[in-house]
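Structure in structure tokens, see below.
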Amino acid sequence: MPAKDRDAYIDPDAEEDDFSAEEHDSVGSGDDFDQGTSSRGGKRGGLAGGKKGAEARLKSKGKGGDGYAWEGSISRTWDQVREDDGGSLELSVQEAIARARRKKLQQSGQAVRRTIIRHLVLMLDLSRSMTDRDLRPSRFDLGLEYARAFISEWFDQNPLGQIGVVGMRNGIGERLGEMSGNPQEVLRSIADRDKLMPAGEPSLQNAVEMARGTMSHLPSHASREIVIIFGSLTTCDPDNIFDTLEGCVKDKIRISIVALAAEMKVCRELCERTNGTFAVAMNEGHFKDVLFELIPPPAQLAAPAGAPGRSGPASSAAELMLMGFPSRLPETSPPSLCACHSTIKSEGFICPRCKVKLCDVPTDCDVCGLMIVSSPHLARSYHHLFPVQGYRPVMSMTQENPAGVPAQLACHGCSLPFPLRTLDSSANGGDAGDAAAADGISPLGRYRCPKCAKDFCSDCDVFVHDALHVCPGCC
Amino acid sequence: MDTSTTKAAREDPPAHLTLIVDLNPLQWELSSQASNDTPLSLSQFLAQLMIFINAHLAARDDNTLAVIGALPGYSVMLYSTDDSPPDDEAPARHQANSFQPFRMVDGRIASRIQEEMEKSTDLDGKTDRGLVGAITKALCHINRVNLLSVALTNNPESTSAMAPPSSQSPRMLILSISPDASTSYIPLMNSIFAAQKLKVKIDVCKIFGSDTVFLQQAAYLTGGSYLVLERRDALLQYLSMCFLPPASLRKVLATPSQDKVDFRAACFCHKKVVDIGCVCSVCLSIFCYPITRTSCSTCGTRFPLQTLKRLGYIRQPAAQANGRSKPNGTANGK
Amino acid sequence: MRAIKGVLLTCDSAVKQILLTLNEKEAFIVEDLDETHVIIAPDKVERVRQALASELEKNAFSLEANVP
Amino acid sequence: MPAPAAEALPGQHILLSFLATQSQISLTRLYSKPSACLALFRLLNALERQIIMNYLWLEGPVSSNTMDVWVTRDGRAPYEAAMRTLASLQVLPSPKPGSNMLQLSPSFKKNFRLALTGGGDHMSFGVPCEKDLAGGVNVEMLDRYAANCWESILHFMVSSGTDGRASRPTKGILYLLDRSGLMAGQGAPKITSEGFQFLLTSPHAQLWTLLLQYLSITNERNIDMVEVIQFLFMLSTMQLGQEYSTEVFTNTYHSVLEDLIDYGLVYKRNPNRIYPTRLATTLTSGSSATTSSSAVSSQAQTGASLSGNSTVATAGGGFIILETNYRLYAYTENPLQIAIINLFVSLRGRFSNLVTGSITRESVRKALDNGITADQIISYLVTHAHPQMHKNNPLIPITVQDQIRLWEQEKNRVQIAEGYLWKEFTASTDYNLVLEHARSTSSVVWENEQARMFFVTPEGHASCRDFVNQRMREGGGFA
């Protein structure tokens, strides 16, 4: 896979989401590991924020031993906040948030080809190490919570995908949920917390082999991915795991790991060889961020949309699929038997080919095998394929506006007027202006669509790119 | 007594209504022609619309309103509650005969529509762009208003931690007269999903013209009502019965629901509505079946030969290949 | 068969015991019905109420008194 | 609460229950003003409003079945309640027996349509005047004025219980307070327990309590009640900050106007011109959310007391912080608020913008003795909680809430019921017979089968005695 591909997919998020970025090294360095093993208190500090902060806290906290739960949950708030010169906190927080948002936006917008039909095995570490309480309330509970959120969000963005769930405990892989395209079904498989109680050692190899077996029969146009939430620092394998790795590479399975403890060589190797991502969660928020980075469909190839002929190696996996678009029967229609559960129901969807009634879409028709999707399902994925171009920050009204064109008074999206004077850059001096420019923040609070040249406010900018996926000016 | 009034106030949060008015002059011209069973001209319609707006504002002091006009090729915000009020008109005796807020809102909307209609005298402009633009603008506006109310919540000055951020329970009502435009399918669908995320109900009232499948889906997917005006002389009755009640009331007084929703999609090659189609696995473009091409017109991917064979590939005569957005030289690639 | 005018006091059993004690000083109970009910003379209600309140008040302790 | 003419249904505005007791003729006359129709419409709940809208544009009567089909299964009960309310207000009179055709009252229909469409020549929304720029009258000033007037009344009530330093309000107000049972005693009136309860309710509720009382004495004063209501409704549809001419007012309006100026609903600077204050313009909006942000921020104190209205969440000025150790900090310097807090808090210290104190058994006892209930104290604390408090869940520390309720229960360890004890039945049949009768009148307070005794209320006693006597006369056997 070309390096470009990885760039589009991996987010250099380790630095980005922590606001005191320059205070510590990139994720998963060796130091981090040492701290994690040497003392519990140090570990928590290491996760919480920069190492300097951690050391300072270690001294003050050293005698207190483990500390109490409530200490842990509040100890993080100030990591993210730094006073600006005037001593005001609010501005720096808001700016940091705005910067993070804008950085995220800047990455999208380039036309990439993405895998829409995805198959994913979500692997949960259910070993004893998950009972650790360095993430609140515990690694296990937090992991479970985020896994559920991950699944809901994943299906929201990949309506045609399927997820299977595998657990790792007592040295074996446990199949918790079969591959399924129904979010409810997948969620049900990890709904019962008591059945998933952590025990024993994890085995990466066993679990990966199990996942590989599940996905081996899949057609070539579908992606095969494994996402592992890994809390342990060991793996208990029956055989050479690197053989498994070779197998995964051969089968084009992409492995991504979110480690909760520290970096392990074997984990990074698994990810790097298979073009996946590896990340170590530093704290609760960061855990969620790195996990959710894995939700958008991975880019397959950095070819601009609509450019013909430039078919890369991945295009060999392209397929044409026959799909049926059903019509929905109203609740008032006469009840009849459905093909999938043989129960009598009045509402349902009619397969356009064999006219049999089905309960829910998307599904494969039980009679003729046609893949049945509703057009909204397909449409849900379109925004990945036709992303809105990123807006450029407007730096100054005089430079950017061609003479004779009056400046827009109100945001083209929400129609709320722009502030007449914003964050007055004159007061802060040129310094602030430069810094803002580097971060892609407009001092005027205006962002301009390169296509339709309309100005938008920062809220609408984020909304358009995060949720709407349509530029109000261009459409 | 105090607690009881408090409770009643809680059950019934202020409502936000965004009206999207289709102002396509061509369609209104058609609608007002005497050859129709019940001709309805724009001015008649606006008179009734104003009363509907007044009824919405009358219900509660803090009900908010935004009106967006969809004109051929563009859309424009006509009125929004957060606009600063205009300069005071000279008080006059006749003003004692109407409620001041109504007078102000109605006057503003009427004059803005007048302005816009004079600007766009071009009768055969494109119809579609305006509507989707209006919907996206409406969503941006609702999003912004939501954000503002959240900001207010976090502001220590106000004490509304108890109130959910979306106490506004926004709704959108599209008064449509133009037909579907298939080119706006993707932006419209994206808007619908954004509306779902914002929990905005989209109501659609089709005042003139045939059913629009896309708006039907919009109403269905967001839980709103879709209504084709059967008797256009009773517009006001329809509006106040079906589109005035906020979401909480619709649990008590039913509003018309759709019996059948068409979930078919338009194919990308001929913009035909299809029920079985071929879908490109890379970009999910829909093509009609049997397939007439060897590569995807959207992403340029070439399809494997055996698949084409399996799906009954028909080599298409070159003469028929016009009228689609086909990139050069890909149709006969293999 | 007989009907007598009176005031029905409904109370908990602790209060009932206090009432019985008070009754020894000054009889006001007309009929002792059960654990939680007594009938008392209508003209003595106010007196009983006050006596009971001051009796209960003896058992209430407050931090206030100790804090300046 | 001083009882208005009728008990308010839960969630219903007290004015509506008052109107429901009025004659059809008065109501029809009331609906002759479009502004009155509009104001009444705003007092109704959402469902009732919607039902009106459904009927408003229909020309002829409709069969009730036509409309009923739209009601969902779950909505049946609220729908019927709404229809009852509308019928009692004569807005949508119930159909004549034997028919099920419904339509809005013609007078209401005509004038509410006029209110929505504008037009006509009824002058019921007030005749605005040219702006008088020199006057220095602005919204803030009006808010201050209204708050002063209203708070001086409340302050007088509070201080009457203690030292009575507050200035005496006018005679009219004193009479009203006396009539409504909020204060009692000639010469130097004292606040009653109803009065204490009154103080803890929201300003909106307080205002209407007094105004209803005002309406109920219109008869003695030979003022036309319908016109008074019309005038109040007219004020409620006026705009804050706009000056209105009084030239078109009727005599009734003029005489009422003087009283309303005392209450702070109206501000009068020039002859023949008035400004409605926020108290007036929010009379029928049922919510204070319209309080302008300037009022909230620039004068947090007056804003708070004015807007501590029905919508708790939007009230701009919570100022009370209550800790789990019963300590209370109130960020206020408003004497009225301090006086009210003093009703149930033992205050310790006073600073320039802060009063501290704690909730103690004694202080709550004192409040309970004044007739204030535990729920009222708690709801007052909730309503006026400082924004910081809203981070807590529950808002008021659970220990404090429980303790206040326990203190209330402690006070009520003995329940007292007057009545008669029936005893010494010779046969159980006699006992059962009489008891059966007493039960049928549901007057049995206590019974004991073993001892053959039961206790009945005085009314039940009379009925039982008659029953027994009759039975004896008829020769029915009593042992």
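We just call them A, B, C and D in the order they show up, numbering each chain from 1.
As a working rule, contacts are C-beta pairs under 8 Å (C-beta built on N, C-alpha and C of every residue); 3 or more make two chains touch, one makes a residue touch a chain.
Quick caveat: nothing in here was measured; it's all calculated off a predicted structure.
S.K.: Given the two chain pairs C-D and A-B, which is bridged by the higher number of C-beta pairs in contact?
M.R.: Pair with more contacting C-beta pairs, C-D versus A-B: A-B.
S.K.: In terms of CA centres, which chain lies closest to the overall middle?
M.R.: The most central chain, going by mean C-alpha position, is B.
S.K.: Taking each chain's centre as the mean position of its Cα atoms, how many Å separate chain C from chain D?
M.R.: 37
S.K.: For chain A and chain B, what's the span in angstrom between their mean Cα positions?
M.R.: Spacing between the chain centres: roughly 31 Å.
S.K.: Could you put a whole-Å number on the gap between the CA centroids of chain A and chain C?
M.R.: 70
S.K.: Quick check: how many Å separate the C-alpha centres of chain A and chain D?
M.R.: Between these chains, centre-to-centre, one finds 53 Å.
S.K.: For chain C, which residues are shared contacts with two or more other chains?
M.R.: As it turns out, chain C has no residue touching two or more other chains.
S.K.: Mind listing each pair of touching chains for me?
M.R.: A-B, B-D, C-D
S.K.: Using the touch definition up top, name the residues of chain B that touch chain A in the complex.
M.R.: Of all residues in chain B, those touching chain A are 77, 80, 82, 129, 132-133, 136-137, 139-141, 143-145, 147, 184-187, 189-194, 197-198, 217, 221, 258-265, 274-284, 286-287, 289, 291, 295-296, 298-304, 307-308, 311, 327-330.
S.K.: Provide the residue numbers of chain A that touch chain B in the complex, in ascending order.
M.R.: Interface residues on chain A, with respect to chain B: 113, 115-117, 160, 221-222, 300, 303, 305-311, 315-330, 332, 349, 352-353, 370, 374-376, 378-383, 385-386, 410-416, 457, 459-460, 463-464, 467-473, 475.
S.K.: Which part of chain B faces chain D closely enough to touch in the complex?
M.R.: For chain B paired with chain D, touching residues are 1-12, 14, 51, 54-55, 58-62, 88, 90-93, 95-103, 106, 156-163, 234, 236-237, 240-241, 244-246, 248-249, 251-254.
S.K.: Within their complex, state which residues of chain D touch chain C.
M.R.: Within the complex, chain D contacts chain C at residues 346, 360-362, 410, 413-426, 430, 434, 445-446, 448, 451, 453, 455, 461, 464-465, 468, 478.
S.K.: In their complex, what parts of chain C are in touch with chain D?
M.R.: 1-12, 15, 30-31, 33-34, 37, 39, 42, 45, 49, 52, 56, 60, 62, 64
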